Each structure stands twice: as structure tokens, then as C-alpha cells.
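Naming follows writing order (A, B, C and D), and every chain is counted from residue 1.
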């Protein structure tokens, strides 16, 4: 541990505290995004580059856009200062004390944990050469614990459907709300960055098998490209999703489940792949997942089932 | 013993802060942020845990965090859609 | 084939959801019906196999634990899966009558509900601490959008509150899982349990975090605030699914942890009694609130708050009888509560409101709906012959066997309070209408057989459960892990 | 197999009738009447077959395990048949009465559905082979009678319904606690002649004593033992056939019958004597007998007076059982039947008065004997029976109770019986005087014969004559008295 770590940790805590405490909603959101970026840096420092990428792209990036967009979409009276707590002072003190106890207990608990681990993690690192992918985290995500990953993509689908049901499309609100999208800066930004983002995203997906990156990080970057296009009015919403869009949205899940179920009789286990095909299948899964994730995240932003291209 | 790790302490404090924010903040957007702070605290703790293996970081907590992030962001995105809808409903009621 | 069944029980419903998503606005009920069959079939087969062969396991990806994820179908899982399938099929039929698939919003019911079904089965089969977290999130995130189908502002607020609290609850649970992984290096429930033997401060902390998280999700008093709003404002089939199955999911996980990795920390007398104390508070508070609600669906929703409390009485007694009683109570409540919500929904649908005072004199026109409500109410009150009664009987035997007289009194008081709120509704059916309101009979909307029968069948199943103790408890088997 | 399961078929007859009536709906009057009557007659036949079977010593038993170690048991012993026969006969009669009584009124399907369900529950209580089964039907009876009590839907009826539920469900909860507590001592609560405690009373003396109080408390509510009787007089808002049924057969008898079962077939007379429980029961019963009679005198409403009379009379059963000597037992058990016959006659008459001339108050009875001679004659028969005038049914009961008290050397019971008889006379005789001898209040009321319609009168005549016959012909085989003697011989192992 050195001074740098101590300062980073302190800064993280300060940012989180300010983010939750400032009355101004906009500042609160900005602080949260900054907090997310610093968290990404921290994770990179803590030997977790995959997660740093994911946090930057999804946690700070996608979520940041959604938060700021939501802030804009809220009517002006609700946008500014948030009401301070209506709780009586006594209860607030109680809550603060409770939180302090919680934090203290957790810190003490973490402190008491054994200094080395022996179990699934070691086993994963040892077993690594066997599966088709060389990246430990990708191996866990797509092979050892691929079941979790599969279920988690279903969560995304549910969130997308839920957002449709909330019937409060963000993109429509933004485009009707103000004219920022029409400023001349936007098309330039879009022309410059959208292709870069697309290429970066594709690279991250492809590279995920060997270096940090993967379907989620790559998908998030691809989604960012889509968001940019949407903000630049090259992409618009539509009331209903066409069949192709629907198919692409669930393609990853379908391939994942399909591969698992079709091969199950031969392999005697779900999502166990024959050695010759394992690499191919995992790549296929990863690519299709990336497409589905990117689209899902984009639709979480636009908020309506359909997408349409706008020429111009 | 894991010993004194500033990041572990930071993780614990983040959880506590988020909890406090969740209780005291009335605005739903703020409450969503608070829950995310709690989540990030937990994720940070997992990443700290992952460093204990001698042969490089433990991929299992990393996979857990990645899964956790996707779930948290999905849920938050949906939550934001609800926040917008609630605000719109309130506006319509005011009119 | 047998080892494949757990996987099919999870993925065929998920697949059904995805296919219904893909099918778009096309043809109506037939697709949905296909989805129901596809979802129910593997569940029922699995239950039969468990009944014949005992516990079935499946190693996902062929990786053995602790590296991979284990699915396990034991008696408890099978019972919950059976409950889900039976309630699910009947509620689906009701929903076929209520939700027009040509309507864009209603169509999403047929996407989300099969996904929820798969998620529930996944949770009931999970033998992995982290996988349980994922499945629990899956359950929550499939359930909350369903609340929105009502489309009202009230439903939106309820959904948002529910979402925030549920997310917080699962983060607490995850924090506990992180600590357990830090201690043991494994996530498999059984392995973790073996390595946690001996307990310690960290185990206690982990248990506290996980249990608190689950209590939030299960809407146990004092974390119940979101439940009545969410369950009371959702469309009837959704309320039925939420009350009968979704809140049970969190309680199920609590029972699973108690009978597995967290047995030691949760068996300490102070903890056990604290949990039971919460249960008592839930029973009394929920029942009293149910007595005071002006609207029918809110009565039923608060009744759920109360009925969940019974399930926490397990902890201090911790014997086979209590285990059986709590689970039987849960199953019976699931069936009866689904019937109550469907009946309440039918009343709401027929006369356009569910204000109890204004229901006076409607007993004749709404005879079937009120009859359904009454029959389901028998089980909720714990009166014989019904599943609720057998659950209460077992729990009473357990409390008296353990010498906990005052808990027995609470159970009986809860039953009497339940009778209070059930009969408060039925009284409206028997009462004569106000004389000055006569001649202004409100128009009554007709309900088709698709909406009428499932509710009645569920209510009658609640009665039938009063005779099915032997086979169901045989399916449940002994307490897992030799707990207690 | 089918023969052995007769208790189940008897039960099912009413249950199926109830279901058919519910499903058939309000408008199918003819179907409903046919089903009701056919079921009642069919049940009577089944009961007759079973009666002969029990006399021959055939075994009737149905068991079904609902939980590990917990069974639903339906069986038929001599005691079962006493209650079953009474219910089956009175159900038929009351059905005829009710069909006529409710003509042209709304919600008849609902009424007859719950009516049949109520009888099904009563049959279950009669044939229950253990405490668990008994409790199942005991609570079912509560559920089935509540809709009958509030049938009219008036605010007053609803309020009474609430009171009724509070008492009966509360009593049910207490009873359940007692049963489960007994279970947790390892006593399954099977009904076996001579008791089934299996010596538990030796190891858990206090618990066994306490549990008896719980059981008595739970059963005492339905049996209207003071101070748990409050619901009974209020329940008079129900339609007349319901009152008749509640008082004569179903509810109060279910409580009394439960007490009989607990005393003879669970605790057994030895334990009752050893723990002084018999004396306790007899004392409570005596208080109720006197108190009920005193309250009856104070009533001005006909049905309420009859209701308090019921409070008093039902406790004769408990008194006989509590005294525990063979003769007292005969007196108590035979009163189960005798009181049923007499009280249902009285309530039918009250219903006839109300239905035909709108008479509710006792003062309105003046001169009614001239207009409704048949009804009034039956009323007189019932009243004299209740007072215990020889050779009527009530006399037989009281005679055996008195002899039994002597046999049990409980001399304090004799004055109780005498005072009770005197009080009975005080509240019955003035009514009879008014009906036969007092001048009618107005001229219109003095005009000519105006008897109740045939559908009401015939059942009244049937029960009235049965009440007479039960007393006069008590010496014949198969009379209630002979049957009770048969039961007592079994219980005392003679």
C-alpha cells in the first residue's frame, strides 16, 4: 500500500459522498460519472483490466448517458435541486450511525478474511489451458460459469421489455425537448467518433478471447456508437420492432441456449461442448452476444421497441 | 488475514454511504444512485478479494463483478425509465 | 434423460419467452398456449422423476464443483417447481382471457411471464450461492415490468419502489456471498457449508447481510412497504404470480440457506428468535392492516404480508415438523392466494371497482367470484379442510412440541385475524344493498370461462391440499443436510 | 368395501346435494326441491341400513391419512347412530318445512346449498372417529352455518353474524389448541369406548387437566355453556328453519356431542373421576341450566325465550355426562334426542306463528289457540315435554338424570333439576295460557280458523308426535331410550 492507493481510496469515498449529498441533481450525476471513471482506474490498478473496461464503458459510459439524458428529460421543475431529506433529524442520525456500523463491520469482516484463497479460483487458473479461450475471465464467463452469463443476458432482455412498458422513451423526450442535437457540433462529432467507436467495439469483442475485453465491453462501445448516431438524428425510434431487430436482440441468447440444448444429448451436460468445436462455438456465442448486448443497451437508451434509420 | 487494505476499507465505506443515501434521500434518482454506490462498494470488495491468489488475479470474482455490473446497469436503466415515467405522470396530474 | 430434466425445466420456459418475443404481434392465444405447454411439461416431468428417484443433479457444462455450477432438484425444489407449474398454468389460462395479445403492452406479458417462470425454476434448482443471486435478480427483473401492465401511475410508483429496494436487497446478499467466497473460496452451497463449519465472526456477518437482503426481497416486516402497492395495483394475474410465487422465491432461498451453508449462524437461539419475532410482527401487523384496507386487492396484498410471517416461525423450532409445516403453509398459501387475487381481479373486472363498502348487495350477481373468494379464504384462514389448515396443524404441533406456547397463540390469533378480513369481504356479499341505491344497479361486465374457471380451480386445489399431505410431504422428504 | 364405507356415503349424500344445489343456480326450483328431498330420503335409508349394521356388530370404518400420523377417520358406533339418526330424520322434516317456508323468497339456492352443507358437516361430526376428524367437521359446520345466520342480509343479521363468528371461530381456535396439545403428548385422540389417553394422565396430570379445560372451552361455545352462550339468543335473526336446525340438531348438538365424545371416548370415565373433571362439568352444566331458565323468563320475544330455553336444556346433556353414573348417562344422552325433537317442534311452531300471523312477541300469542289449534297443540306438547311432564320425552330424560344423580351420590343435583323444572313451568305455562285461554287482542284476530299452510304444518305435526312417541313408547326396542341403554352398556362394558 502506498500513498497513491490511499489517496485514490479517499477520493473514491469523497466522490461518492458528495454525489449523494449535493442537492443539485445535475452535479450529483456528474459526480457519479466521475466516481465511475475513477473506479475504473482503480480496478485497472487492482489487476482487473477487464472490469476497468467494463466499468468505464457500461458503468460510467452507458449509465452516464442514461442518467444525463434522464435528467434532461425530467421536466424543468424536477430537474434542479432535489428536496432534502424529509426524515426527522433523529432518524437521520440513526441512519448515519447504522451505516457507520455497517461499514465498520464490513471492513472488519474483510480484514479478517484469510490472506490467501484456495478453491475455485486456483482451480480455474490451473484448468485454464484446457478450454479453448486463453483469457481466464472469459473462460469463467463463457465456459466454467457460462450458465450465469446466459441468465444475465436474459436480465438485459427483461430490462429492455420493462423499459418499453414504462412508456417513457428517452430519445423522443430529448429530441422534442431541445435543440442540442441540431447544433453543428453534433454531426461532426458523430462523423468522427461513430466509426471509431464501431471499430473499437468490434475489436474489443474479437480480442476478448485473448486479451482484456469481451462481449460486454465491446457491446457497450458498439452501443455508444449507436447512441451517438441517435443523438445526431441518424437513428430514430419506431413504435414496433421489425422481425430482424427482434431476432438480433435475442440472437445471443438463442445461440447460447441452442448450442447448449442441441449438444446436450451428445455431451450429457448442458453447455458442454466437444473439444474440437469448443473454440468455434464460444466465439460464435461471444459475437452474437455482443450484437445482442449492443442493441439492448441502445434500446435501453432510445426506450421504444423499434429503430429506424434516418437518411440525410 | 488479509491485513489492512485501503481499498477494502473504501469498499466498506461505500456500502455504508450508499445505505445512508438510500434511507435519507427522497428523490428516486438519488436513491438509484445510492444503490449503485452500494453495488460498486461490493464490487470493489470482490476485486480486492481476487488479488489474494499467488498466480495472478482470481478470475471468479472478476466474472462475478462483470455479471453484477451488467445486472445493476440493466436494472438501473429500467429504473431510470420508471423515474421519467413517474415525472411525466406527476406533470400530467399537475396540469 | 433424467439428468437433462433440470436443464429443460429452466430453459424451455426461457426459450418459450424468447420465441414469444420473436413471434411479435401475430396470431393470438395459440402461441401463448404453446408457450405454457412448453414451460409446464419439463417441470411436471422433473417433479415426477424426483418423486420416483429422489434428488437429481446436473453439472452445468460438465464442470464439477467447485469450478462449475451445480443444479440440484431435491424434494423442496420439486415441490416449489410443482407449485410454480400448477399456479402458473392456471394463472396463464386466466391471463389468456384477460390479456389481448393484439395489444402491444399486454403482449409483453407473454414474454415476461415465461421468462419469469424459467427464472423461478432456475432459482429453485440452484445449488450455487452466486448463481442464486443471478436467478434472484432474474426473478425480480421479470416481475417488476409485469406490475407496469396495469399502466396506472400508482403501479409505476410501486414498481420503482420495489425495484430500488429489491436491488438494494440483492446487493446486501451479494456482499454476504463475497464474504463467504473470501472465507471458503467456493460458491457451491454444499461445499461452502462444509468449509464454513465452526462459524466465526465473518460467517455471522455474511449471514446477517444475506438474510437481511432476502428479507427485503421477501417483504418481511419492516421491509414490506413496497408489497401492498405493487401487488395491489398490478393486473390480477400478475398480482397472483407475485404473491404466490415471487415473494416465495426469496423465502425459499432463505430456507435453502438455513438448511445448508448458513445452518450454524442461523441456528443460534438469538438469531432464530429474532427472525421468528419478525415473523410474529409480520403476522400481526399484516393482518391488522388487511382488516383496515378499503380496497379488496389491498386486503389480499396485506394478507400476503401476514402469511409470509408464518414462514419465519421455522427458525426457533427447527424440527422436521416445523420444516414440513412451513413449507406446506407456503405451498398452500401460494395456491390459495393466487385464487384470491384472481377472484378479486374478476370482481374488479366485472363491476369496475373493488371498494369493499360499495360491494354491498353484489353477492347475487357476483356469486361465482365471491364463492371462489370464500373457498380460497378457507385455506388462508387456516380452517379445515384445506392446505392452510394442514400447514397450521403441523406448525402448531411443532410449537407445542418445542414448548413455545406463545407462538402457538400467535398462530391461532393470526388465523382469527385472517377470518376477520376474509369475512369482512364476504359480509359485503351477503348484505342487502342500501335501499336508496336501489334501481341504480351498476352494469356488470361478463367474464368468460377462461377467467372464471382458473380462479375456482385454484381455490378448490387449496381445499384439495387439505387431503394431500401424505404424498406431498413424501415428495418433500427429510430436511436437507440433516439440519436440526 | 362399499358397505364398510357407509359413513362416507352418508356424508357424501348431503355434500353432493349441496354441490348440485349450488351449481344448479337460483332459477331451477324443481330440480332443487327434487334433489333436496331425494337426498334426504336416500340418506335416511342409508342411515337405517347402518343402524341395523351397528346393531348386528358390523364394522363401519373409513380411514384416510392426511399427514404422517394424522388420519381422517369416519366410523359408526352406537353413539354415532344416535346422533346420525336424529339428524337424518330431522333433516328430512326440516327440508320440507324450509321449502315451504322460503317459497317466493330470494337466494334460495344459496340457502339450500349451505343448508345441505351444514347437514353434511353434522354427519361428519357424528361419524368422526378421532378428534382431528371431529375438528375438521366442527369448523366446517361454523362455515356452513354463518351464511344461514346472515341469510336475510339485514344490518342486524350482519351484526349477529359477526358475533356468531367471533364466538364460534374463537372457540374453534381454543379447541384446536387443546387437540394439538393432546397430540403433542402422544395421544392421537381416537374415539375408543373407555377412553384413549393410554395412561398419559399419570405422567402429565396438570397438562391433561388443562387440556380438558381447553377442549371444554372450545366445545362449550357451540354447546352454549354459560358464559359462552351469548351468540345463541342473538342468532335468532336467522330464518325459522335455521333456528330450528341450529337448536335441535346442528350447532348446539355438535358442541354437546363433542363433550360426550371427549368424556367417554377420549378421557374415559376413570380419568374423569380421578381428575375431578366430571364434577366440574356437572357444576358448569348446572349453572347453565339455572341461568338459562332465569334469562328465559325475562324475554318477551318468543324466539329469544325459546333460545334461552335451549341454553338451559342442552346442558342437561353435559350434566348427565358429567355425573358419570350409568343412569345419568342414559338421561343425558337420551336428552340429546329428546331435546332435539321437542325443541324443533317448538321452533317450527314459532315459525308458523310468525309466518302465518306475524307473531313475534309473547303478548301477541293471545287467543292464537283458536285460530291455529294444530300448531298450538304441538306447541303445548313441546312445552310440556320441556317441563318434564310425564309421560312425555322430557320426563324420561329428567327421571333418568335424577336417578343417575342418586346413583352417583351427587344429591345437590336434585334441587337443580327441581328448580329448573319450576322455572320451565314459569316461562312456558303463561304462554300456553295466553294461547288457549286469553282473549284475542282485536276482533280480526278472533275471526275463525287460520292455520299455517300445509308445508309448514305437516313437519310440525311429525316432530311433535315423534316427541310424544319418544316418551310414551320409550320402553320399545329401538326407541331412543333403548338405544341409549345399548350405548351405555357398551361404554360401561356390561
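We take it that a residue touches a chain if its C-beta (ideal position, glycine included) is under 8 Å from a C-beta of that chain, and two chains touch if they have at least 3 such contacts.
Nothing here was measured: the structure is a model prediction, and the numbers come from that model.
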Select the chain whose centre, defined as the mean of its C-alpha atoms, is least distant from the mean of all protein C-alpha atoms.
C
Report the inter-chain centroid distance for chain A and chain D in whole angstrom, where each centroid is the mean of the CA atoms.
73
Chain C-chain D separation of Cα centroids, rounded to whole Å:
43
Whole-Å separation of chain centres (CA-atom averages), chain B against chain C
27
For chain A and chain B, what's the span in angstrom between their mean Cα positions?
12
Multi-chain contacts in chain C: which residues touch at least two other chains?
130, 134, 137, 141, 144-145, 156, 175, 181-182, 187
So which bits of chain D are touching at least two other chains?
none
Touching two or more other chains - residue numbers and ranges from chain A
105-106, 110, 112-114, 117, 120-122, 124, 145, 148, 152, 155, 158-159, 162, 166
Provide the full list of chain pairs in touch.
A-B, A-C, B-C, C-D
Looking at the complex, which residues from chain C come into contact with chain D?
361, 364, 367, 371, 378, 383-385, 389-390, 393-394, 396-397, 400-401, 408-409, 412-413, 415-416, 419, 423, 427, 430-432, 466-470, 473
Which positions of chain C touch chain B when the two form their complex?
130, 134, 137, 140-141, 144-145, 153, 156-157, 159-160, 163-164, 167-168, 171-172, 174-175, 177-178, 181-182, 187
Using the touch definition up top, name the residues of chain B that touch chain C in the complex.
2, 15, 19, 22, 28, 31-32, 35, 38-39, 41-42, 45-46, 49, 60-61, 64, 67-68, 71-72, 74-76, 78-79, 82-83, 85-86, 89-90, 93
Residues of chain D touching chain C in the complex
22, 26, 64-68, 70, 72, 106-107, 110, 135-136, 139-140, 142-143, 146-147, 150-155, 158, 161-162, 165, 169-170, 172-173, 176-177, 180-181, 183-184
Within the complex, chain C is touched by chain A residues 105-106, 108-110, 112-114, 117-124, 127, 143-148, 151-152, 154-155, 157-159, 161-162, 164-166, 239-241, 243, 246-247, 249-250, 253-254, 257, 260-261, 264-265, 267-272, 305
